[in-house]
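This is the structure I want to talk about, given as structure tokens.
Order of writing sets the labels: A, B and C. Residues in every chain begin at 1.
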Amino acid sequence: MQYPLDLDTRADECAAAAEAPVNAEDSNPSRTLWGDAFKRLKKNRLAIFAIIWILFVVVVAATADLWVPQVLGAPNASDTATMVMNSRLAPSLQHPFGTDTLGRDVLSRVIYGARISLTVGIVATGISTIIGLVLGAIAAYYGGLWDTIIMRLADIFLAFPYTLFVIAMIAVIGNGIQNVFIAIGILGWPSIARVFRSAILSVKESDYVDAARSMGASDVRIIARHIFPNSVASIVVYATMNIGGAILTESALSFLGLGVIPPDPSWGTLIQEGQKFLQTEPWLMIMPGLAILTTVLAFTLLGDGLRDALDVKMKDA
Amino acid sequence: MAKKNDSYVDIKTQPVPEGHHLLEVDDLKMYFHTEDGVVHAVDGVSYTLDRGETLGVVGESGSGKSVTAMTIMGLISMPPGKIEGGSVTYRGHDLLNMSEEDMQHVRGNDIAMIFQDPMTSLNPVYKIGRQVGEGLRLHRGYSKEEALKRATELLDLVGIPEPEKRVNEYPHQFSGGMRQRVMIAMALACDPDILIADEPTTALDVTIQAQIIELMQEMQEKNGNAIIMITHDLGVVADMADKIMVMYAGHPVEFGTADEIFYESRHPYTWGLIRSIPEQATDEKKPLTPIHGNPPSLVNLPAGCAFAPRCPYATELCHKERPKKYVMSDGHYSECHYADDDAFVKKFAPDTSRSRATIPAAIPDDVEATKGGDA
Amino acid sequence: MAENTPLLKVEHLYKEFPTGSGFLAGKFSKKVVSAVNDISFEIHAGETFGLVGESGCGKSTTGRAIMHLDPPTSGKVYFEGRDVSKMSKKELKDMRREMQFIFQDPYASLNPRMTIGEIISEPMVIHGIGTPEERIERVRELLDVVGLNPEHINRYPHEFSGGQRQRVGIARSFILRPKLIICDEPVSALDVSIQAQVLNLLKDLQKQYGTAYLFIAHDLSVVQHISDRVAVMYLGKMVELSDWKRLYAQPNHPYTQSLLSAVPIPDPDVQKSRKRIILAGDPPSPIDPPTGCRFHTRCPIAQTRCSEETPEFREVENGHFCACHFAQPFPIKETHIDL
């Protein structure tokens, strides 16, 4: 196993090696590592699918105000006059995902739900990542007592069942979309801090950091130029996957009625509303369910693809 | 774990067919098909080996020396690897077309292998005794107790103190040199015909390296097995190899007895390797003559001789045409256009202790090999 | 600075590591790894000082302690006559302009996310030397000197082979024209033919710039080839120190003798004609080093005195030091072998 890989690398290295003048006129002589990573990512078909899907969902959700109400009807528009007539229609050309009990177009509600789910995913992950990065960096760089305190705190956080912890927190600060951001965001930091800490620790031990120290580089320079660029890749990967997790948590909260307040749609509330009609009008539940499934899967696949693409060691091994 | 198949006959007990050698590798080609193209890892390797002989395979990293051995053992995953030609015959049996099941009997039982890194070649969760005895249980159908007893004997044989105690220890309790001894004990457990050692001493310190080489030679004298010693260090094979194959970019560029390689070499790459090693001189320092440049990519091999771009004597012919094997009467061969040009060889080959008719007295020789005092 | 002040002077250097890790380990664990134990030597301007020993003998730790990468536990390091441990942060930084480091692993010692231009010019950036244009000019010049194509200034380390990367590392260490470079096993990760290239390069650069080297390696032939004086270390102690000729012609310490005899020589006739001292066993752990002479457990001529009394590092001949009770030129007499 190891041998072919070795050879492959070797051959690759030799091909790139600068000795022969032919190579000097390489088609792309100054390719960067991020450029290389992007190249590798492009070769990963699953990751490309994931990117296309995420972009599609983002674009549709972002531009929803421009066309959804006109084409499908407003997500919260419930007109008592037409309500009965339009209640729980099967999918059709006019209502591709059917309609719900109140006669609202389900596709329209799924699209507006995407806005909430994506925002929760990204903002909550953003909050976790910032907290995680700061605490992870402090623990790793200063070590000693700081490390012990922060990491034991992380252990304590991780020892609680996550969803229960979030529910408890929502119960304390009240439900509503901002509080969902805060609860998921704040409680998500320990794993990010751990990943970042171990990434920094391994980089910190590396020879090139020693090299920088031996040249007399300041702490700030070492962190900014050497440690951060080499440990951030793992965080990019982890955060990408975390977005999917946050979307799931938000759905779970909304399903339990602790997240988004109706009539605002979120994928979780849609499923919750639809579950009563699973026997008779299954699309009410299946369609938002599919939205969650595909989107979370897309973030996971993208994260996987990024991990492979950003792994410099694949080149060095 | 499969029990030994009773109907199976050990190949090593069968006679070598008349007119053949124990192991015959003929024009072996192993290519890897990768995204970047076809890697010509092994490109036409031929040699023969008899019992009691030691073959040294010398080359730089990426020269295909390890892949050759792995191919013989059937350890290359295919794909990406693919055998593009040639044959490997062991006691008249074709190893390349053998079923995986039969190959499993050959591995460890008839042909055993020692790897470079003694730290990762042992499984950290099993006791040493169990790992050493595993081959015996697998190939010989030993019971647990018999295998452990034999493992203890083997550890004693390879010079591990207190073997009764140490069979019950785990790999992390052993030092690097001790682990390599364990690896040798494991490899020798089933009394193999051929022992392939892939850089067995590279990861070890010089004093430990000397111990391990001595041990391998001792074991060979006792068991009469053949050894294939893969290394990048010409020094290591100088006193242990009977024959040496020098590899470059997947090709065997020169093959001959140790004396032929060190004193009558006819290939500029071999000369370059010899000249690259700092000499232990005590009068004055001679400058090193390195081989310039880097090994070629195995994907885009030069059209002519693979060594031509780095060869200080390369001519137009060398860049254009791939040299054929120039075989001397006694099996010594060299893949160089000018191997048969005596004047060329005489002019450029490095000085040796023989050509100078002096054996440099770097180390006085009236000292007995000693064991450590037990103070 | 007086005319004869050595460039680097190391006095009674000790380096101990606590066993275990974490912030409590150092406070509660009494056991320490005595990695370097009472090392003293001097390096003069323009000289190459070789430091040889097997893995775990403390040779790399010595280099790192001198560089203050891991400050020594005790002992003094003087650079150009100034005590390094008493230097302020600013002075330490200035010292690092004059003292550079070359690492063993050409793969790990270059930041994979920087171009080789950025890597080589980093010391200039850190010390605020030159304008960006001057730096680029300097890097191109140096790339040419170390045998790389100056056009490749914007490439990344992963595009180069091991030998080429080591050239990048060498270029980086030379860009400030330091007075001393600590080379920590600079060629041991390279193929033999590439090793010779790098060794020749180091020699050429030394000729050109007059830099002194502390050359740390486990390979005696390599060290002999490049060094003016050589010191041999065993288990944290210096056991022998001499100029290269005498050390190889008349090694006095039994460990040096066995090391020399263990080096494989690529010449079958020589190899077969010489007798070798093959040491038994492994080097003991530096956590619990043997009493007396640390080598006595493996020494072929050890006597009872050796386990009781630490041998003094004494001058056996002019400029030739050896730490052995029975130090005498090779060969060891049979009568000394304690049976």
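Keep this in mind: a contact is a pair of C-beta atoms (placed from the backbone, for glycine too) under 8 Å apart; a residue touches a chain by one contact, two chains touch by 3 or more.
In this text the structure is predicted, and so the values were computed from the model without any measurement.
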**Message:** Touching both subunit A and subunit B, which chains are there?
**Reply:** C
**Asked** Which pair wins on C-beta contacts, B-C or A-C?
**Response** B-C
**Prompt:** How many angstrom between the C-alpha centroids of subunit B and subunit A?
**Reply:** 50
**Interchain centroid distance [CA atoms averaged], subunit B/subunit C, Å** = 31
**Complete:** Separation of the C-alpha centres, subunit A versus subunit C, in whole Å, is 48
**Prompt:** Considering subunit C alone, which of its residues make contact with at least two other chains?
**Reply:** 161, 164
**Item:** subunit A, residues touching no fewer than two other chains
**Value:** 14, 17
**Item:** Numbers and ranges of subunit B residues touching at least 2 other chains
**Value:** 61, 294
**Item:** Contact set on subunit C toward subunit A in their complex
**Value:** 22-23, 64, 67, 69, 92-94, 96-97, 100-101, 103-105, 107-115, 122-123, 126-127, 148-149, 151-152, 154-156, 158-161, 164, 169, 172
**Request:** Sort out for me which residues of subunit B touch subunit C in the complex.
**Result:** 60-61, 175, 177-178, 205-211, 213-214, 232-236, 238-239, 258-259, 262, 272-280, 282, 285, 287-292, 294, 352-354, 359-360, 362-373, 375
**Message:** Which residues of subunit A touch subunit C once you look at their complex with the stated criterion?
**Reply:** 13-14, 16-18, 24, 29-33, 143-145, 147-148, 206-208, 210-218, 221, 225-226, 229-230, 312, 315-316
**Request:** Can you check the complex and tell me which residues of subunit C touch subunit B?
**Result:** 54-55, 161, 163-164, 191-197, 199-200, 218-222, 224-225, 245, 248-249, 258-283, 296-304, 306-307, 330-332, 334, 337-339
